[in-house]
Amino acid sequence: MSSTFGRLFTVTTFGESHGPAVGVVVDGMPPGLAVEAALVQRELDRRRPGQSALTTQRSEADQVEILSGVFEGVSLGTPIAMLVRNTDARSKDYEALRDVFRPGHADYSTFQKYGVRDHRGGGRSSGRETVGRVAASALARGALATVGVSVVGGTIQVGDVKAVRRDWDQAERNPVRCPDAAAAETMAALILTAKEQQDSVGGVVEIVARGVPAGWGDPTMDKLDARLGAAMLSIPATKGVEIGGGFGMCALTGSQTNDVFDGERFVTNFAGGIAGGISNGAEVVVRVAVRPATSIGRPQTAAVLGGGTTTIAIEGRHDPCICPRVVPVAEAMMALTLMDAWLHQRALRGRDR
Amino acid sequence: MSSTFGRLFTVTTFGESHGPAVGVVVDGMPPGLAVEAALVQRELDRRRPGQSALTTQRSEADQVEILSGVFEGVSLGTPIAMLVRNTDARSKDYEALRDVFRPGHADYSTFQKYGVRDHRGGGRSSGRETVGRVAASALARGALATVGVSVVGGTIQVGDVKAVRRDWDQAERNPVRCPDAAAAETMAALILTAKEQQDSVGGVVEIVARGVPAGWGDPTMDKLDARLGAAMLSIPATKGVEIGGGFGMCALTGSQTNDVFDGERFVTNFAGGIAGGISNGAEVVVRVAVRPATSIGRPQTAAVLGGGTTTIAIEGRHDPCICPRVVPVAEAMMALTLMDAWLHQRALRGRDR
Amino acid sequence: MSSTFGRLFTVTTFGESHGPAVGVVVDGMPPGLAVEAALVQRELDRRRPGQSALTTQRSEADQVEILSGVFEGVSLGTPIAMLVRNTDARSKDYEALRDVFRPGHADYSTFQKYGVRDHRGGGRSSGRETVGRVAASALARGALATVGVSVVGGTIQVGDVKAVRRDWDQAERNPVRCPDAAAAETMAALILTAKEQQDSVGGVVEIVARGVPAGWGDPTMDKLDARLGAAMLSIPATKGVEIGGGFGMCALTGSQTNDVFDGERFVTNFAGGIAGGISNGAEVVVRVAVRPATSIGRPQTAAVLGGGTTTIAIEGRHDPCICPRVVPVAEAMMALTLMDAWLHQRALRGRDR
Amino acid sequence: MSSTFGRLFTVTTFGESHGPAVGVVVDGMPPGLAVEAALVQRELDRRRPGQSALTTQRSEADQVEILSGVFEGVSLGTPIAMLVRNTDARSKDYEALRDVFRPGHADYSTFQKYGVRDHRGGGRSSGRETVGRVAASALARGALATVGVSVVGGTIQVGDVKAVRRDWDQAERNPVRCPDAAAAETMAALILTAKEQQDSVGGVVEIVARGVPAGWGDPTMDKLDARLGAAMLSIPATKGVEIGGGFGMCALTGSQTNDVFDGERFVTNFAGGIAGGISNGAEVVVRVAVRPATSIGRPQTAAVLGGGTTTIAIEGRHDPCICPRVVPVAEAMMALTLMDAWLHQRALRGRDR
């Protein structure tokens, strides 16, 4: 299929985890908008590994170079290519895995797909591929800001610990990226325990878009829900997505979950800001299920290329809980999805909003 | 955006709920495969309204006409257009709604998007649009069967009642389409109660694909999870999707959820048959959150075009629980998604499997 | 590949020459625009066979039915499906050709592609497929007219007879559709001679778009030249396309062919209204090479399915010169191409022009 | 619109003529194929400027770096990104043009499109953008070779001098890239004369694909003719394209131009290897009209940003005839087009050929 996300704001990533570089080509950026490398770098820094004891110790500087599409600080409307060199790829960490399919990983399915093998750290399936998406999202955020749209997010559940508050500023102040300071501490402890036990733990990430006007999206195949679903489930380690009331609505009734619109605003937001696939002017709210990281230190039975099994313990540098690092990526995918929907609406109506 | 699903097996639907007809053009059907109108009709009959007291009493014959792409019972490899006339559209039921935005419906967001209004029964946002998808899925099912892939599904939750068993044959034998006969009865009672109370109730639908070989899907933007997420969330009234362990994995650990592959088969299936976005040979398992139907008889406050609110009671013929009718549509979307992934894999590898 | 033209204004045709019907689904029509079936019918009538002694005597009423996307005379912004029944398909005319590959036709290559055969009159390769394109173009023309863009065209060469004048109104008044009344008569005589000789003759069609503002198109892969090239070469029996000065510029110099722009308008138009792939505000001028019709009455050697050759004389009802009937189709493809370019420009700039 | 060519073998270029770099991302390369940087470099060297007195003296090393998608000399099936740094971009040559629209160039139309200006050497409209295409074509050529398909080409006309012979090996031995050694000398003289006169001259390039099996392409919108038309007309400075007999057929009759197929091979090839949009097994033959280069030293009247005109003489380093440098690019576009058609046929039929 394809390494491209979006149709009018197309984001094509490239690069393997342990190849020379990762990067992205963004096509469809409207011309005449300010593009600062520093803002792209800021988003990459948020995604960067090695920021706390809770995340992998792989240390990548992730310095971005803008190769095209920007002239004198302004977007030209042409493709913007951005490049990040891999500098701390320790491929030899993976030498022992040349013939082993790591449990829970994409190793086996990838080999079945392609018939060739890049055993070094997951190749394209690695979270490292998301560098390009996050770089692209900085452009989308800048463009969306011109029409008042912004995106925030955080970890709202780790294991069975759930956030109660939604203080999105707080989310940037703790290593779990939890919008609830109290819950963040419990979550952090849970993650460190998993790490000590050479195990991992899952969680839930919530992303909120503010300022989205009514009218973005589509009524059928390209419902905004559908595009967001694809966006979120394209992030490594995600296995579920819900919009607004989501699965929680299944046990409720229509009289409870029909959002009342008083002519000016929605009193409730079970729809998560999307009715019939089209934004309704309320906040767009999406939650993403993040599975426990598949790379764990505990000994596991693993299948071997050519037949049979062996026992492995994964020694590399890994995240005991991926949620904190999924947050900027899921925000990125929200921004990319909205950017594309916005440009489609401009095409449909011939005006900016 | 677009009314087309898929890239190599493209399914483009058309038609409003209360227009002259609904239909579909399927482009990309491999040539030389048997296509029987009767099999298409069988799928449409499964989707058809008015089959039990649990569903809307709108009575559409939904007779399909194949307009192209089939000659002497065999697919030509050219676009297959299929048409279903709307015969029981009572547009005047909706006359009173000409200026009213029904709560929970797409009326308001659709008007904001397009600036024009088709007030008759939801237009494209109606479940009636799915006729085309289901017709298309009959072709996909036929093609997929040639490589041993099949799709089943059913309602596994209504309100807070959950199915315990997964007897998929049973799912076709009760009006809830529940794979657990005992649970089906409780569910049916719950739905009828909601109906009596002029209310509606939500639920969960589960779809399973069998026989999918390892290697379908893609590692990044087009993860099979992502495509299935888009597929399912493009169905009206769905607000969540999960693959395999889904949200339930969040509270578990990696050592619990890493599926053990013994070299021949997967002992567990937390991945839902998809690892790193690519099928791994296990059953592909997807669950879809279906919100309570938004059309309810109870009086509700509704916004009015031009400002202010009014009170409405929706009188039309509606489903108190949409799950039974979502089942064939969700199966259809699974089939369409797999069909597209299969053709991509054929392009990539130059062979059938 | 695909039966769809365009990306934002997508036109998907369906139907075989001798199947039940031909038609089209147009997705991406902006909402709120007047759509009259009569205007669609007018374009179809221009394309219709049997209008003069110069064209095939197949007699199709080509009555269009609009199935969706229009409500109370106005586009909804949703897919517009249009259907035309085949009524005068005499499939048995083709029975003798069941195992014969007609010379010059697509019979052999089509069979090699699909491995199955629809021997009845060319299937999808028939000019009959263009009914859907022409119906779609009526919508595009209506939309483009709102920003002052119009499309005209005609036959400017038949055999070695060339039109000197470009009186586009005249083009609708003679059966050759030639913008030069004097040349039209000579051309008509040439066509009738070919017909008497059971032979056919080629020619050139020129299409001009007026009122296209500067800025439509793209600098690289999607140059407006490239999109027009694809558009025109997708018409049956076309084997060449040139923009502006075209092949004639090859023997000239840069000092002769660089169009002088005096700050207000272009003094010459060697660029055919497109510089660097982007419209420059001058008239967009395209010429299309139409090969002699491949269906001729003369005895020809033809290959037979299974091996060997035979001699055939094609008895059906055919056009001795296709140019007059290519005109409305080529105009249609110009309109569809511009429509798509216009919507892309709206997406890029967020405004109507 | 888009900087991407192809759908299954997608080639996305990036980079401005005077930005930091140009490059390409190729997505859809089948896995398991040998990829050598040396072969990519060889194609780039063929395209490179400064190879003879006939071409621009801009001196770019055009050293390619493969950033992804290749591991241990073999394609992974993942995106292959390739980068070429711009090293000899003398942007200050263009400083005087900051407010001037060069005649015949894309300067004015580009400014109208984007509303911002990169005055340095054409930006994306520069021939420099084709570096990425040519790099990508090396991959396509390697893949196509595995099924016996190869591509050759050359300059067959300069000014009014036409090649008579088609000795494709010869085309690589003279600086005009003409397949006729005698004609090449006359052409070279003509080009040098134009150069001395500070003028430029046009020509025609012919590209031939050998070994293409019958069955590639599509009968309607994606006729192989149409895809090739788009491919060729996306090359800078091209203004016409014809397949097989092309415009020359217009003055002939059907009995002359219907290719006779004797059951084994085609005796003539007016169809240029494509019947009804689908390859028929004969050589695929395409000719491209290349306009005289727009950059000429002679004084010309040019429009000025903000109004009025001035007189300019373009001082930079330019090609007096672009044909020799169009050859490898047109070959590249043929290879990319065929690659995409091949992969589509694999998807359709589920086998390699």
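Order as written gives the chain letters A, B, C and D; numbering starts at 1 within each chain.
To be clear about the criterion, contacts are C-beta pairs under 8 Å (C-beta built on N, C-alpha and C of every residue); 3 or more make two chains touch, one makes a residue touch a chain.
Here the structure is a predicted model, which is why all the values come from computation and not from measurement.
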Starting at chain A, figure out the least number of steps needed to reach chain C through touching chains.
1
Applying the document's contact definition, name the chain pair with more C-beta pairs in contact, C-D or B-C.
C-D
Find the chain most remote from chain B, comparing centres computed as mean CA coordinates.
D
When the C-alpha atoms of chain B and chain C are each averaged to a single point, how far apart are the two points in Å?
38
Need the CA-centroid distance for the pair chain B / chain D, whole Å please.
45
Compute the distance, rounded to whole Å, between the mean C-alpha positions of chain C and chain D.
26
Shared-interface residues of chain D (touching two or more other chains) are 2-4, 7, 13, 28, 31, 77-78, 113-115, 123-124, 219, 344, 348-349
Enumerate the contact residues on chain A facing chain C in the complex.
7-8, 28, 30-31, 77-78, 219, 343-344, 346-352
Within the complex, which stretch of chain A touches chain B?
1-5, 7, 11, 13, 101, 103-110, 112-115, 122-125, 129, 157, 159-160, 194, 199-204, 213-223, 225-234, 236, 238-247, 249-263, 270-272, 274-281, 289-296, 298, 300-304, 307-309, 341, 344-345, 348-349
If you look only at chain C, which of its residues touch chain B in the complex?
2-4, 10, 12-16, 19-23, 25, 27-28, 31-32, 65-69, 71, 74-81, 83, 113-116, 118, 120, 123-124
